[in-house]
Structure formats: structure tokens, C-alpha cells
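One structure below.
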């Protein structure tokens, strides 16, 4: 494996498989080789462990023609991503996604600054894995996107907003214990190259969120 | 201990303490007896493990006069709750709270029927403990309150709404995987005798919640 | 015309037609008689002026068989409504709708009491006509539905919530002039026998509304 | 009066006063001159007719020292605004506000493109005056801010979003007539140099708005 390959596989958590996951990957890999006679190719930087397993399961259903096409698409994506870091061109393919957030304090009517936020990747089996920490700036945004400059691995995510501490700092009246403390938002990313904006509009007694762009 | 006492202590999870929690309770109890010369009295049916520990910590700060008053208030609450089940009177004290929910499908413009919901009690240390399962009826409500006919133990809660499965059943377009699957709402109850209505207004791409009444 | 007829026609505003509306009604009526040989029949208590005009336009497109069926449906509805007020039976047809509201102050986390509300019927030509005034009670609701015990005339409506005055009374910080003062919600009723619950969740800086039930 | 003055007064609608408004301005002007011995000075580009009248009423209560300071502040603002258009400097005072909007279709989970929007200035007496027309682009925004590159006149505004037509074009199921057709949002601007972002999150059955930035 090249250095690129190793870094890519680590990014999807493939270097941290449980025994059971390891066994599942091997079982799928063997079945795939037996059916198609080639190794399973997937652009791992676009995926989480769970979505690679799902890819295995789906693509094992393919006929040879469809699967050949699927494998070539992945080769193409791997190439596009590797080239993207080395090439400057006005018409490059879009290979990067972006995940961002914004916290608006609709109690006070202004952006919520200084809110601690965590982003974790969830997996069907096993613990959440924290992939980003951030604190909102004066505009209620984070200085950098939570994920940017790369594909967003297709998978499930958990955002946690530390609102109880924020409102306490401002002296906003809350119950004791506060009705809302850490606000969790769970969502899935389906397009690795998409723009996902997942904001929080919040008072000590209510909140809303939505997929923005 | 009487049968009432035992049932009440079980309700707060005091029969399921970890080693560390058991040690903390004993340590607080000893300090309390040493300071005030009486056993620690608390109306456990109004509390979760965590909030009893917090009560210990707060009331240990009290002077004797304040603590005597606090202990009598608890005796009074215990009595009111036990009597409530045995007495009929037009002017009984309010001893029961209510926790309810409602799911409105704002994509389709009608109540969301058949949504599976779980309510779990959270604790600072240890696993969530599921305390209610329900499915929404044609009116988007549950046939019975999630908690009713008793105090709502002061503490932290997690509601989980299985929206991905609901929208899939209706054939509502969603991404793959769906942007929203299980929607979690975490909140705290501060008034054991309060009415907490925690609804969910939801589309496959957005939701809001609030403390209603 | 019977007294019932006269009261019903007044309820739809047919006794307050402008010259142009009067002319349109006559023109449609003549065309209808000419085409179908019978007078135009419509259950006016289920309609506003505008929706009666729209009925005229649509039903003039009908063939004789379809229109005969449409006219009989209206006769049946008129009868059901008149009987409803005089008959007690467990299995009566549903002839009444309900329009209600609810104001929740998500800044303070409780129902908004004492909010002045107006409901007006809108018409395509001509001024809004106020059809109900109310003030929210301690539960943030109105003591009686804004429309109830009768069909909700199919048509367009405007709800106005006097939130600026409410927040000023509570001393809630607002800008000067307040960002939100009177909050208008415009909506249409399509089912005269439906339940329309149109609530307002509001802070001095934000609000949401939805069709509930 | 200079050309600048004339253009500025027209911008606030001072060239379109009703008889009653004209009389009120004159009455206030006379009272002001009598009390302070100088003409009333106000930076009209930061105001609407209504807020100038309110300024008159408030500043007539001032003592001489406070009013001298108030008048100088206005002179300063007028100068800063006139200079702003002619001077390039890195540290210029902020003299311009911005009013923008954004429409998000939370039924479909993407920005709402092609939505017609109108912005009107409201006055206490007299008709709304349309000050901007726009149509949302693919990002759900307008190509240019509704008001930008100048102060936002302090006053009351009405935004109208033509959502019924938008959802009809997309084939989104709606009732007949649609529950929501033109969505009105009324709000006031208190800071002429502020950033007011007033978005609409909307399905055929629900919407929310808030002051963003």
C-alpha cells in the first residue's frame, strides 16, 4: 500500500476495527473477490466504516457489468481526490464537502458567541468518535468549517452544543437544573461532496435546527 | 423500612447504585448525621439518584434552622404523596406532575401517527435507564402521558423519536441514509409537580421542540 | 327566502356586496340558470364571498350529471347544518369546524397570557372584515375557539397577535421600536368542517407557526 | 437647500406628506425653533416619516444642553454619510446598514429558488410603500441585499413572500386554496447601520422567521 492509501484508510477508521468488524470486512472481501475476481475498490475518504460495510453489501448484489462500472467510478474518485491536492485548475471537479454550523440566540436576538461544540462520528457498533471541537465566534459561527477541504465521510454524526453553560454565562434565566443543557443533534451525511449547514436557533426553552446549505 | 419506603426508594433507582454511588451516599449520610444529628430525609419519589446527591450536597451547607425547615418540608411532601393515593378531597395539594409529547409532521401538515418514542432517565455516571415506551396515535399524541399520576423525578431525560422509520413508511422522500433518523431531545425537569409538554415539529430536513405546558 | 336562508346569506357577507361583486354574482347566476335550468345552490355557511364566486366558476364548467350531483350535495349539507341545531343524536354528521390558537412565549418558557388577538376574513377585493377578538388566558389559549360550533367559511384569514404590547408589559428587553410588534399570520381554510389550530411560538426576535389540529 | 438635501428628504418620503402629516411637521418645527432657537436637524437618510415625527416629539423634551448634543450628532451623521460616497479610507465610520433575506424550503430540504418577494415601508397613517422587489436565486437568497449601501431608514417594514405560487410550481401538495399563500412578515428596524437578516424557513403548512445577522 502507498502512503496515500494508508492515510486514507486511517481516516475512515479502518485502522481501528473491532474483532467483529474486522471479521465482517474479511468475509465481505473474500465474497467479493470470489464473485468478481478483483479486489474491492472504494474511495475510503468519502466513507465511514459503516458506509463502507453498506457499500460491500450493496455492491455484492451487482452483476459484473454494473460492478465494473462502480469500481471504475471509485478509481476515478480516488484519482480526483489525490490530484486535487496537487493540481491548480479553474475547472477541477468538486471533490470536497463542507459541514458548518451557526448558533443563534433567539432569546437575546443575536448570534451566540463562545458556545462549545463537539462533532462526533457515530457508528452502528462502538463508541462515538469525536472528530472536531470548536467554539463559536462573535458571529455565532466557527472560524473554520467543522469539516472542510475534504469529502465529508458518508455516515452518521452527532453535534453537541453546550447551551446551558452559555446561557449561565450570560445570566439568562434558566430553571435549576436548566431545561436545556447540552443540545444533541444527530444527522446523516449522504453526499460526501455536499454542503451541510446545520444551525441551531435556541432559547433556554426551545430550539430548532434544519439542513441549510 | 415500610413497604412504602422500599417502593419509593426503588423508584429513584436507589436499589441499583454502583459501588461509587453507594460510597457517595454513605459518605454524605454520615456527614449529615454528624452535622445535624438526624437521618437525612428526602421525598425520593420527587427525585432521581443524581438530584438526591445534589440535595445532600446543598443541604449539608445549611445551618440547623434552615435544615430543620428543609427536612420538615420533605416529611410533609412524603405524607402528602402517600395520602394522595388514599384520600379523596376537592382541595388536595398538587403532588403529581405530567410529562407528555406530541409529534407533528409539518412536511405533510398533519399529526404524525405510529411514531415509536422512548423516554430514558439519564444519570451523570452510568447508562441511560429507559422509563417509558410509546407509539403516537392518530392525533400524534401518546394514549397516556409518558409520566403521569406521580411526581416527575427531578433529573435529566432523553426522548428519542424514530422519525426515519416513520417517514420511510409514508414514502416521504429522504436522502440515503436519511438526514434525520432517530431524533434525540435531552432536557431536565426542575419541578416534580410541573406539566412538561415536549413536542416535536418535524420534516425529513428540520425540526423544532420547546417546553410547552 | 326563509329566515334561515337570510341569516345564512348574511353570514357569508352576501348582504354586503360591492357593485362589482353584485354584478359578478348576477352574471354567474344568469349563466348558471341558462346552462342548467335550475337556481345555483350552495351551502353558504361553508363559504366566504370569494369561495362562492370560485364555486360558481368551477361548477359552470360541469356537465349536467356532475352538476346535478354537486347541487344535491349542497342541498344535503344545508339540510344537515339546519338539522344539526335541532336534533340530538349520537351519530350526527360532522357539520362544524373549529379554528383555535395558542401563544407560547419561548423567551420566558411559559404560555403568553393577556395577548390581544384579532381574526379577520380577507377578500380578494375589499377590506378585511374582523370576525373575532380575543385575549389569551393563563394557558396562552382563548377561552372559546375563534370559530367553533359552525363550519369555518372556506376562505382567507388574517390573525394578528399584539406581541409588542405583551412583551412591553412583561418588561422583556426589546429594541426601540420593537423588532416585532403586531405579528400577522395569513392562511386559508380549505375544509369547512376541519380543525385548524394555528399557534404562535414567539420571542421578541423570532416566531414560528404551523397548522396543528 | 442643496441637491443632497433634496434627494435625502425625498428618500424619507418627506416630499409625499399628507395634509395632516404636513401640519404635524410644521407644528413640531415651530415648537422646536421657539424652544431651541435653531432649525431642527436630523439625518433624514436614517429615518422614515414616522421615526422623524417620533424624533421631533422626543427631542422637544430635551433640555438645551442635551439637544445641542443631539443636533451635533445629527450634523456629524449627515456629514459622515455624504463623505462616505466621496472618500476612500480604511477606517471610515460605518454608515451603511443591510437588510437581507433567505428562503429555505424545509419541505424539500433545499433553498427555495424563484420566490417572488416584496419589501414595503409601512407608515402609521397611509398606505405601505413598496421599496424593493426581488426573486430568490438558486441559493434561496436575493442577488443584492433588499437594502444595502446606505442606512436602513428606522421604521416599520413588511416583507411578503409568494410561497403558494412557489410550491405550486414545484408540484408540492397543498390544500385548495393553499393553507399558506403570501407569507407576510412585519418587523421594525431600530439601528439604521445594523445588519438585519430576516429569513423564512417554510413548508406548505408551517414557517418560522427570526432576526439573524
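In order of appearance the chains are A, B, C and D, and numbering begins at 1 in each one.
Heads up, the rule we're going with is that a contact is a pair of C-beta atoms (placed from the backbone, for glycine too) under 8 Å apart; a residue touches a chain by one contact, two chains touch by 3 or more.
Just so it is clear, the structure is predicted and the values come from calculations on it, not from any experiment.
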Neighbouring chains shared between chain B and chain C, ordered by label: A, D
When chain A is superposed on chain B by its C-alpha atoms, the rotation angle in degrees, nearest 5: 180
Chain at maximum distance from chain D, centres defined as averaged CA atoms: B
Comparison of A-D and C-D by number of C-beta pairs in contact, larger one: C-D
Between chain C and chain D, centroid-to-centroid distance (C-alpha), Å: 32
Cα-centroid distance, chain B relative to chain D, in whole angstrom: 47
Between chain A and chain D, centroid-to-centroid distance (C-alpha), Å: 41
Chain D: positions in contact with at least two other chains: 106, 109, 175, 179, 201, 205-206, 208, 210-211
Contacting residues of chain C [partner chain D, same complex]: 51, 154-156, 175-184, 186-188, 190-191, 205-211
Residues of chain C that touch chain A when the two form their complex: 106-109, 173, 175, 179, 201, 203-206, 208
In the complex with chain B, residue positions of chain C that touch it: 104, 106, 109-111, 139-140, 201, 208, 210-213
